[in-house]
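Shared chain: chain A. Partners: chain B in the first complex, chain C in the second.
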Partner chain A sequence: MNETFLRYWENRHEAVREWKQKTGKKVYGYFCCLTPEEILFAADVLPVRITGTGEPLQQADLHVPPNSCPFARSCLDAGMSGLYDYLDGVVVPNSCDIIYHMEYFWKTLVPRPTKPAVIAGVDIKPYVHYINYPEKTVGREVVPYYLEVLKGFKQGLERTLGRIITDEDLARSISVYNEDKAQLRRMYEMRKADPPAVSGYEAWQMTYASVLMPKDEHAALLKKTLDDLESNSRTIPEGIRLYLSGSAMDAVNAHIYKVIEESGGMVVSDDLCVGTRSFWYPLNQELPPLEAIARRSLGTACPRSTVTNPIPENRWAHILNTTQDFNLKGAIFFVLKCCDARLAEYPHLRDKFREEMKIPVLYLEGDYTFSGVEQMRGSVEAFIEMIEG
Partner chain B sequence: MLFAGIDVGAQSVKAVIFDGQKVIGRKCLVTEEEAETAAQRIYKDLLADLGIRPEDVERIVATGWGAGEISFVAGKSSEQVCAAKGARWLVPTARTVVDMGAEGCRVMKLGPEGALEDFTINAKCASGTGSFIELGAVYLKVPLEQMGALSLAADGVAEVSSTCAVFAESVIISNIHAGESRERIAAGIHRAAAARVLELIGRVGLVEDIVMVGGAALNPGLVKTLEEMTGKIIIVPEHPHSVMALGAAIQAQKKGVKGLKSRVLK
Partner chain C sequence: MTQERQIETKGSHKSLETARNAWQFIRSDYQQGHEHKKSGKPIVWSCSLVEKELFYAMGLHPYYPEQFASLCAVRRKTKDSEKEAVRFARLAEQAGYSSDLCGYERVATGYVLGGELYDAPLEGMAQPDLLVTTSSVCDVRLKWFEDIAQRLKIPLFTLDRPERVFEGIMQPPKPHEVRYYRSQLEDVLNFMTEVTGTKYDPDRLNKCLDWSYKTNELRLEILELRKAVPSPMGCADGFATMYPGMYCSGTEKAYNFYKALRDEVKAKVDAGQGQIENEKFRLLWYGIPTWFNMGIFNYFESIGGVFAYEPTYNPNPWPPRGNDDPLTEMAVRTLSIGSSMNTTLRAILEQCREYNIAGGVLAFLLTCRPFYLPSLELRLALERELGIPSVLIESDLVDERSFSEAQIKTRMDAFAEQILKKIEAGEPLQKRKAVA
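Coming up: the complex of A and B.
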């Protein structure tokens, strides 16, 4: 594993701080892979995904009830305790029910490093940007509406940063993002081999680095790593080929990869937001840049959006795209407790996996702690033994 | 050819010797010793009881909570697979297997041919386990073995929470203070435990025949309560607590059982 990737994995905050000091550039935090981070990158800003710590909470429970998403609560707690004090701004999209509240929480509870610029009661240089992502992501009215939302977001950024973001900036950003997506896709193609050229855990670590590093640096580094992997043969332990579907995959929850691999399994593809959902679909470079970004963002197959009730067709379509040719023997759903969006779709997707793909499904309920993931070892071992027959 | 299965449970260790056709012998030991010592002791004792030399046993497989700690076995097999294999061998029509031990409860769903298809377990909750009923026995001051009979003698059911074993404890005490009969409280405790099992069954979907194994299946009050709540007959094989060890012995017939060392990726 490349040392730079490992550094982001081991201490993401230190790595980003160092990058910021070295380059003197701005860093924005964001929630969710549907955030149009291409616009931030176009403005020479590094977008980094906000994640939690898995540690016991210090402050957040006073403001967010404990029977809500443990990941979101941990993110907020990290913000409140100053772990994200290097951020120059935060972007909150209207994704799931708990994340959209982060606009208010982050504004009111997290110390802000910059002073607001209030004119007539309006902060013209906002620190927290809210993106009113539509509830339903398809329909004639959706793209024009969302384009207006993104124009507003872009203008807010321009005021805050004191610079104009041109179409050329956006187009350049899109081509960088597409190159990174292409390299990540290439990595997944290499996982179709049996045994895969990259283990599930390694692949995840490299994907995780992509949501924390500048995409151009990441793409170049990933390309080199994959080139090296192609030219050097090495042995990946054999394992039962599995699909991993889950909520909020970060350094805490990703311990599940280790548990799976140590139990004789091997994740070869996934339906994760730090995973296929963050890169699978390239942006259309034929379109006006902002529209390409809008369509990419709307195309994110997040469980929080449904196309038609009660069947989330876009979710199944994404799963089909990311399971085909991976020769899967089973699927693991690793769902955080209180993740309503995930829980609501689970029975439907479970049945489709069983009936249409003819593979067994294991359901694991996460509590966003390392020890909680460790407790799943018995079930994972039994599931793999069950598949082995 | 002889095979052995050792089930290292949270409270007791069980061993079974199996010849591929029938169970040659079985032994159960409630223990507070560490897993390896207890497993060695029960295995040696069982062999001595049966007059079998250690070299006559072809292969040993361990299962259960402490299986990973046992050094003298060929490999380990999961609780889910062993409980399913053991139950299906004893009851060839088994499609749903409920296994309730001291600290764990799991429900396995089997295909028509007996292959394990799905399972679910109690996660971080003791209220659907044997130790929950044991705790009730402590508060009611009755031996655990009598809890089932006590509940069957009840003329009604006292309300006992099934959401949390610790909260249930305070409800049991309140019931005692309120003058509820021990029989009715015992019935309430069984109902609370059975409600959690029912929830697990609901997750995999109930298909008959239903077989219950594990130490808690020795409790007729619990089995009766589950039968009432599911509206189905529940089959309890003889020696239900040693079914998982039997499953491990069945697994020991297979060559190439998995080693104990986890495969760690470097």
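Coming up: the complex of A and C.
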């Protein structure tokens, strides 16, 4: 594993702080992989994905009740505790019921680095930027609507940052993002081999680094890492080939990869937001840049989104795209407690795996703690043994 | 039959005749739906905040799985069996639907999975020909309807309402938001035409809109009347009478229902007659009620406490009826209301002042994220802004298995004690708003 990737994975906050100090540039935090982070990057800002800690809450439990997404609660707690004090701004898309409310929670409860600049009742340099992401991502007028939303977001950023974001800036950002997506896709292609060249855990680590590092640096490092792996014809020990579908996959939840690998399994593809959902579909460079970004963002296979179709199957479509040729023997659903969209779609997707792909499915419910993941070991071992026969 | 226990839940005593008779309205509406189906006319399953006038204008009879789930919360198959809501929720859970999912969804899904659609309260909901849902309120209603569509192979249309964040409670929408939502209203009409063969007639829609606007005005008038001291109409009455407004908006029968309700409330106000003889303090009920235990609304009456205000199903003021394109008018109406946490809190605080509320009973609805998530912030805001106490009632909406009666009574008694102490000490029950 490349040392830079490790650095971001082992202590993301320290690594970003150092980057900020070294470059003198701004850092924005964001929730969810559908956020149009390309616009931030175009403005010379480093976008970093906000994640939690998996530790007991210090402050957020006074404000966000317990029977709700433990990941989102932990993210807020981390913000309230000052773990994200290096952020210059935060972007909150309307991506699920609880993340939607992060606009309010983050604005009212998390200390911001600069005072609000209120004129005529409007904060002209907001710390929290809200993106009114549609829940229906395919349909007449969705793209024109969302383009207007993104124009507003871009203008808000321009005013806050005191600079114009030109089409050239956006096009350059798209090109960098596409290169990073291409490298990540290449890494997943290498996982189609049996045995694969990269373990599930390593692949996750490299993907996770992509949501914390500048994308250009990440793409270059990933390219070099993959080149080296290819030239060494490296393979890893065999394991039962599995698909992992789940809620937010950060350093806490990613412990599941270790549990799976230590139980004789190997994740080779996934339906995760720090995984295929964050990079599988490239941006169309033939389109006007903002439209390309809008379409990429709308194209995210978010479990919460729907499409205009009498019997929507957009989620299964993404699963089909990310399972083909991976020679899968089983699928694990690792869903966080109270993750409504995932809980509601699970029975249908489980049945599709069983009936159409003829592979078994294991359901695990996470509580967003390391110990909670560790307790899944027995179920994972039994599942893998069952597949092995 | 698996039966863990039966809790001592009971129905409420309502103070209004119209509220006591509201049940007949619901039963008759269900019967009309079954007749509609038998005569070969189309049935739609939908949910609140979809513009109901669309259905009536297109000759559809709607059923609402969420509302049906609340019916199941009070009905048993036999005297000794568990509630129908619990029976259906179990079926869903056995099929892999998490018990953390919305009670409405689990009950309605269990009902669908059971496969005997007419073996249910009021002979159940007639089999749907199409489904229409909305992104408003919560993620579950969208995903749940997708699941029904996939399971029953019945076509679905989703109306996506942009979730607007702004300061204040209402704000005119932006042109691109109106364009987006209006285009979907047009598309849902085309969808209905494709499925049913009925063509959209703007005149018919306008007639439905005339009824719904007139009904909305009546409902607003009732809300104003309800601010009177003593409180003429309680939350039990409010929840019992929400069905025509929430689910039959756009019909003459809904208008007539609220006209009768308005007349009854007005007569009580004119006569200075309250819900109870000796009203001492007035309460807020926040959230959807625990439908299986509506008797909770009479809990404080013996000590002079009445539930006076419940924001959940109350109407909002709409822009005045115009001669404009009806679809644009509907889009503007739907989009004018904010849904952010800030808007929710501001709206409730404002009305708590208007209704002279002395305490808040907050339904801490474990599986209903849109009402559950703001609960703690609301509790803090009621204390901070109004100086009033509140109590959390931990429960599901329809699944009584999560309801711990003894624990909740202890909490409610302690809560009432706080208010009674203020009364005894002659302290104001609500902090006055600071004047600039």
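Everything below uses one rule, namely that the second predicted complex is superposed on the first by the 381 of 389 C-alpha atoms of A that agree within 3 Å, B and C clash if a C-alpha of one lies under 4 Å from a C-alpha of the other, contacts with A are read in each partner's own complex, and residues count from 1 in each chain.
Simple rule for what comes next: a residue touches a chain if its C-beta (ideal position, glycine included) is under 8 Å from a C-beta of that chain, and two chains touch if they have at least 3 such contacts.
Note that this is a predicted model, so its numbers are computed, not measured.
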First (chain B), second (chain C), both or neither touched by A:Ser263: first
Which superposed partner A:Trp280 touches (first chain B, second chain C, both, neither): neither
Contacts of A:His101 with chain B and chain C, given as first, second, both or neither: second
Chain B versus chain C as contact partner of A:Pro237, first or second or both or neither: first
Contacts of A:Gly389 with chain B and chain C, given as first, second, both or neither: first
Which of chain B and chain C A:Tyr363 touches, first, second, both or neither: both
Chain A: partner with more touched residues, chain B or chain C: C
Touching partner for A:Trp19 - first (chain B), second (chain C), both, neither: neither
Which superposed partner A:Tyr201 touches (first chain B, second chain C, both, neither): first
Contacts of A:Glu381 with chain B and chain C, given as first, second, both or neither: first
Where chain A meets both chain C and chain B, residue numbers: 363, 365
Complex interface listing, chain B residues touching chain A: 77-81, 115-121, 123-124, 203, 258, 262-265
Residue ranges of chain A touching chain C (in the complex, touch as defined): 62-65, 67-68, 94, 96-98, 100-101, 103-105, 121, 130, 132, 134-136, 139-142, 144-145, 148-149, 303-304, 306, 308, 310-313, 335, 337-338, 340-341, 343-348, 350, 363, 365
Residues of chain C touching chain A in the complex: 95-98, 100-102, 105, 135, 138-140, 142-144, 146-147, 149-151, 153, 155-158, 160, 162-165, 167, 174, 176-177, 179-180, 183-184, 187, 191, 340-342, 364, 366-367, 369-370, 372-377, 380
Touching residues on chain A, where the partner in the complex is chain B: 199, 201, 236-237, 239, 258, 261-264, 360-361, 363, 365, 367, 372, 375, 378-379, 381-383, 385-386, 389
